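You will see two complexes here that share chain A, one where it goes with chain B and one where it goes with chain C.
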Partner chain A sequence: MTPKKVLLAPIDPVHDVGLKLISRGIREAGHETVLLQPDLEPEEIIQEILSHRVDVVLLSRTLGYGVAEILARFVDLADAVGVRGRVRLGIGGMAIRPELAAELGFDAGFGPGTTVEEALAFVEGREYLPGRGKESKEKQDLTRGYSYAYRNSRIAGLLSVITDGILDWAANKTSPGVLRAQVREDLWDVDRWRNYEKMSEFLAEYPGLCGEVPQNFYLKGVMHPKTRRFTREEVEALEQYVRDTVERMSLPGLRHTLQKPVVFNQYGTGCPFLDTGHIKVSEAWGADGVIHFDPSWGARTEGFMDGFLTHQEDGTVITPANLNRIKMSLEPGTLWQVRAHRGLNTPETVVLAGKFKADLTKINICYGALGAGTDPARLTVDGVAAIRYAAKYGIPFDVVTNEELCGVPAYKAFAGMLITADLSLRLGAKPALQPLFCYSPEVMLEGYMRDNYVDFNVAKVLALRRIIDAPVWPGAPIGFMTQTEDRVQSSAATSYHASLAAMLGVDAITIASSDEAYSGGPITVPSKVDTLRAVAEGFRFFGHTSIEPSAQARAWSGEIESGIEGVLRRVADRGDFVQALYEGILGNLEDGAYPGRNGRDTVLEK
Partner chain B sequence: MKQITLGIAGTAKNTGKTTTTRALLEHFQGLGVTLGLTSIGYDGESVDNVTGLPKPRLYLDRGQLVAVAERCLAVSSAGVKVLERTDLITPLGRVVCGRVVKEGLLVVAGPNQIAHLGQIRRWMAGQGAGLTLVDGALNRLAPMVETDGLILATGASRSTDLDRLALEAGSLGLICSLPGDGELPAGLPAADQSVVYDHGGRVLARLPASLFDPEGLNSLGPVIPGAAGLYCPGVVSGRCLERLGELPFPAGMIFSFADPVKILLSGDLIAARSFLEKICRKGGNVVCRRPLPLLAVTVNPFYPNYRFGTHDYKPAYVDGELLLSGIRAAVGVPVFDLAREGAGGLAGVIEKLIR
Partner chain C sequence: MSGILRRIMDGMDIETFLVCSSEDEGRRLILQFMKEIGFTDVDIVFIQFQGPGVRVRARAYVHRPGDTYGWLKAGRTGEDAL
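Moving on, here comes the complex of A and B:
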């Protein structure tokens, strides 16, 4: 390429550092640049263009009322003196967009965040694609590089005993959930479904394994009372919305110079259309992944309906059509987690996640049984099956410890998490540990966060790392119960927790919107943007700054580790994991945990 | 019926260019005239790109001809059959020419350079457009040299000082009414430099094509007594006009410019008017090789008032009666307030040109 001669000028009283950076980038690419002083009149810049015989002019100017006329007069002068035909004009600055550039008569407009590469493409006459492809994202494997080797051999030994017991206990057992998952796995083909082929064998088997709501759907065509199908117009509008949004959105990074943590943002408004909007916002404001939230009644219902359905309350119904539409709206580099952890559809959810190529799922027998209302025996049978499917489809999952929010102490919740994790490793799956970064009831009662939110969260991560070499993914969301209805406070709290997570070098975090707990309905986009921006700013502020655990954090981590060992010993001594759940060894009524009742007495002998 | 191309230019943003365009579209679409529409800016959007305030929309009937950037079509409800994809590239994509096949609202961003507008003008004429409207952009004028005449939109958005508005409009009208005189002495360079010549057409001095620096005119001293004319093909700055008016050229001196826009772009209409008056008083003459007549003026009392407390704009107005009467007294062409009077009067001016 013939080197270009480029004139850069700030039509402003002060110099624009962005213009200087672009000038340097252009020069380094082999072109000649002429950087003018600030505060020149349009006529003076025109004279410089004439005397230097340049090929390209890049101006910068902060826009305000009356400024547009100055820029338009500059373009007029360039046209009237006869250089407009051979000199390409670009304008950059705050509030500059392609529409405004067109109105002003420029060849291109560059808004805030313009990269040197974008300006260089304009200089070199390469295609200018405004606002797209500034950064592409590639999916990260959170489990890569982890050996899953135990560092605490006593705990490893106890877990091995417990896992043996679980597998023995579950070996000859099944459930409606396991059977449905098997039917979904064997008789339901995603490609045939996408081709609108009727899967008679599946439909002959599946409804009989479902509860009343899905049965009514398949056999009588009756919808769940709080759901309805999208209309054709709504579907077309959604498709148009996705096309238009993809056309103009960019994919900025959130982590500044950091490689991790990968940042997940939740969706699950009940309406897949709204969800899609939230997903696109999450992507456009830098989230690496999104998490599907289903309604709480879905966890208590045996089986799934189908159809592209919206739901009038929180939580987006899991149906093949809903998952398919959401999958289609995702950018190729966006990680997608479909949660399966807590209810009567756990194994089938993993099968659907696998067939729709979700990147991650979520499974925890102990939390689902003690904090989410599912019968311990049922969830143990279903959990084993779900983990086998996760291994088969190669889908990693986090093992959540939300029973902490019920009041279960961290060491007990962690013991439960490690049991599910060890079981997963035995079955060939890849778990990630999910300690909560939260202001839990235990923390409040014991005063662990009386001074700061840092030490106890650091203690949790240190304890887990001393036990096993495994990925750590605090959640869910981080800062749970530290946020208030004040959006600034909520965003700041999330940002601080995210920054702490980054300093601890964890692999991923899940964040919420600043109005998540207080929206009184679906979360709003501005609130979602709040926390994403706040987290990005936290990462920008601290960069690779590290944190040295305090003496208090080290002491608490030791207590947590020994607490975990104690709980696991009691479970192992009990010799029956399921009974240990019922009896409260992993969290009891006094803690705030209770064995769930959904699916009780549904475990079947094979 | 003649084919003509009209430019709707403004003295600033929000002076009523698109309102004028819309009024003329509505009037002439009703009369069955085949219209051509393009814009050197970005028009027909629902809210202003700078102020965020509502803007007038452009509604087109079937059969009308348009030239717009490709991305405009995607945000318009009007359906356009593309007849030609030009090689003109804008920040909103390639300019395409076509015919409206489904009536509706159209967002219009078109060619924004003199040469490009010329290309579109020829296409419109070739397709049989009786009246082609070129919606302006902000205070841009340069591409309008490709039109047959101007309608000027001015108003409070340019300035709330009504006396100044009237003075500027009067000055602009005066400059646009300069006599056209295409003849230069044989042998003079036509485009790449300004020259001072004598009665025999001999070049006495050469200067840059555009005159920005008044100091550069000092070199003319020795040739001034023998000068008969000065030709400037480029732009002339206000300070150069002022200096030219002061220099002791002989009586009867002729100052030739390429077109009125080259003087209008001086940036100082009042200095330009003062120059014209000074030359006339000395018995000289100022002419343009290519005329650009001002046909009418429209006035708009609206202006966006910036609110510092909330960092946004709210609509505000000057006294419409005073504005209208002031401009009418200052310019020698018809003046209209379309919001109060409707489009009939302005359309009448144009109908006379077409028929």
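Moving on, here comes the complex of A and C:
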């Protein structure tokens, strides 16, 4: 390309740093530049254009007052002296909108946020193709670099005893959920399913292990009343939408200079089409990962239906077809978590997650049994099986502690989390610890956040780190119970919690939308953009700034650690983990936890 | 529904400040306004009254989960909607 001669002039009383950056970029690309001083009259700039005999002129205007008049005068003068015909004119800056530039007769108008590459493309007379950046987004392994070595040997010893007991107890037990997972694992092949091959062996076994709703689906073709199948026309439209969107997507990073935390948000509108729309927007606004949020009735139903189904309430039904479509819509660098943590389909969900190559899942026996309504014995049997499948498929998972939201104190919830984590390590799986960053009932009652939201959350992370070298992934979502329906407040609260998480060097976070506290209708996609933008701003503001834990945070972390040890000792002394759950050692009625009843009396002897 | 409305992925929020004398009045006015401009599936996401009036964000759902989404075909081959 022939080098161009480019004149750059601020048509302003002050200099525009953007113009200087663009001037440098153009010069580095091999062109000659002439950068004029600020506060010149249009006539003076025209004179410089004539005397330097330039090919391209780039003006900038930062101030908004009188912008149309001064630029119109410039264009009139350029016309009058014949510059318009042979020089390409571009205008940019804070006061410029492309529509205004076109109206005034400029060849290009660059608004706020214009990149050097954009201006360079104009100078060189070529089309500007935004950097796609897809290749720069790679999946991170949240567990990499962690030894899972215990730093608190007393807690390690207690966990070892409890894990021995769980494995002994579960050794000769099974359940409909475990049997279904086995059938799914052995008789259902994802490639054959994708080729529309009928899997007769699977269909002969599976419905008999299901509850009424899936049974009716397989045997009578009856759908769940709140679901419907998509039409062929809708499916084709979705496929085209995804292709078109992927083609023009770029994937900006959210974390500025930080390597972590990886940022997840949830999808689960009920409809995989709308989920796909939400996922593409989340990816485009920087989310590193997305989490499949299924409906609550799905956790209480034995078995899965199949088909590409929409569901008109919150939570997207898990079916092979739904998971497959969603997986197909993801960018290659997007982490995908399929939650399996709380219901009657826990092991089978992990099998499906494995077959559809999900990156992560979610398992916690204690939360599922105390805060999510599943019978403790059933979820222990199913949880052990689920963890074995997670290990087999190499899928790490977070161990969530949402029983805190019921009112269970953090130290009890953490004891339960560590039991599931230790069991997982014994079975060869890779757990991530998920403390809540939340304004929990315990916090409200005890006044732990009377002054600030920082110290108690810091205390949780410090306590866990003193116990074990394991990944930490606060959730879910961070800032739970601190957000209101005000989207500014909600986004700010999420951003502050995300920034705190980054300062603590945690591995991942799950964030809410700014609709988190709104319960009047489905979450909308702009509310997801709100919090992704807010988190990005928080990361940009703080960068690698670190935080020094306060004396209060350290004191509370010590209390949490000793509280965990006390609970684990009681569980170990009880000698029966499942009975410990029923008896409330890991969270009782007074706390707000109760042993779940779904799946009660369904545990079978092998 | 207009072609542009069909491009709204799910909901549209209108956020403004209404001069009024109470939260109830602000609530009534914004809902009335949303209906006057043609929306039926409307709600108030957030409202806060102080002396001068309400800061309010109202929402109209254009596409709810399970609907047929106009944006799936919008913008392609000159079509604005399914």
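Please note the rule applied: the second predicted complex is superposed on the first by the 473 of 606 C-alpha atoms of A that agree within 3 Å, B and C clash if a C-alpha of one lies under 4 Å from a C-alpha of the other, contacts with A are read in each partner's own complex, and residues count from 1 in each chain.
Note that in this section a residue touches a chain if its C-beta (ideal position, glycine included) is under 8 Å from a C-beta of that chain, and two chains touch if they have at least 3 such contacts.
Quantities reported herein were computed from a predicted structural model and do not represent experimental measurements.
Visitor: A:D486 in the overlay: touching chain B, chain C, both, or neither? Say first, second, both or neither.
Guide: second
Visitor: Quick check for you: in the superposed arrangement, does A:G333 touch first (chain B), second (chain C), both or neither?
Guide: After superposition on chain A, A:G333 lies in contact with neither partner.
Visitor: Could you say whether A:E233 touches chain B, chain C, both of them, or neither, answering first, second, both or neither?
Guide: After superposition on chain A, A:E233 lies in contact with chain C alone.
Visitor: Would you check which partner chain A:A68 touches, where first means chain B only, second means chain C only, and both and neither mean what they say?
Guide: Only chain B is touched by A:A68; chain C is not.
Visitor: In the overlaid three-chain picture, which partner chain does A:E43 touch, first (chain B) or second (chain C), both, or neither?
Guide: first
Visitor: First (chain B), second (chain C), both or neither: which does A:P207 touch?
Guide: In the superposed model, A:P207 contacts neither chain B nor chain C.
Visitor: Is A:H311 touching anything from chain B or chain C once the two structures are fitted on A? First, second, both or neither.
Guide: second
Visitor: Pick one for A:R97: touches chain B only (first), chain C only (second), both, or neither.
Guide: After superposing on A, A:R97 lies in contact with chain B but is clear of chain C.
Visitor: Quick one: in the complex, what on chain A touches chain B?
Guide: Chain A reaches chain B through residues 42-44, 46-47, 50, 63, 65-66, 68-69, 72-73, 75-77, 79-82, 84-85, 95, 97-109, 128, 130.
Visitor: What does chain B use to touch chain A in their complex?
Guide: 12-13, 40-42, 45, 49-51, 69, 71, 89-92, 109, 112-115, 137-143, 191, 208-210, 212-213, 234-235, 237, 261-262, 265, 267, 304, 306, 313
Visitor: Touching residues of chain C toward chain A in the complex: what are they?
Guide: 9-11, 13, 43-46, 48, 57, 59, 61, 63-69, 71-73, 76, 82
Visitor: Going by the contact rule at the top, pick out the chain A residues touching chain C in the complex.
Guide: 228, 233-234, 237-238, 240-241, 244, 269-271, 273-274, 277-278, 281, 310-313, 484-487, 515, 518, 520-522, 524-526
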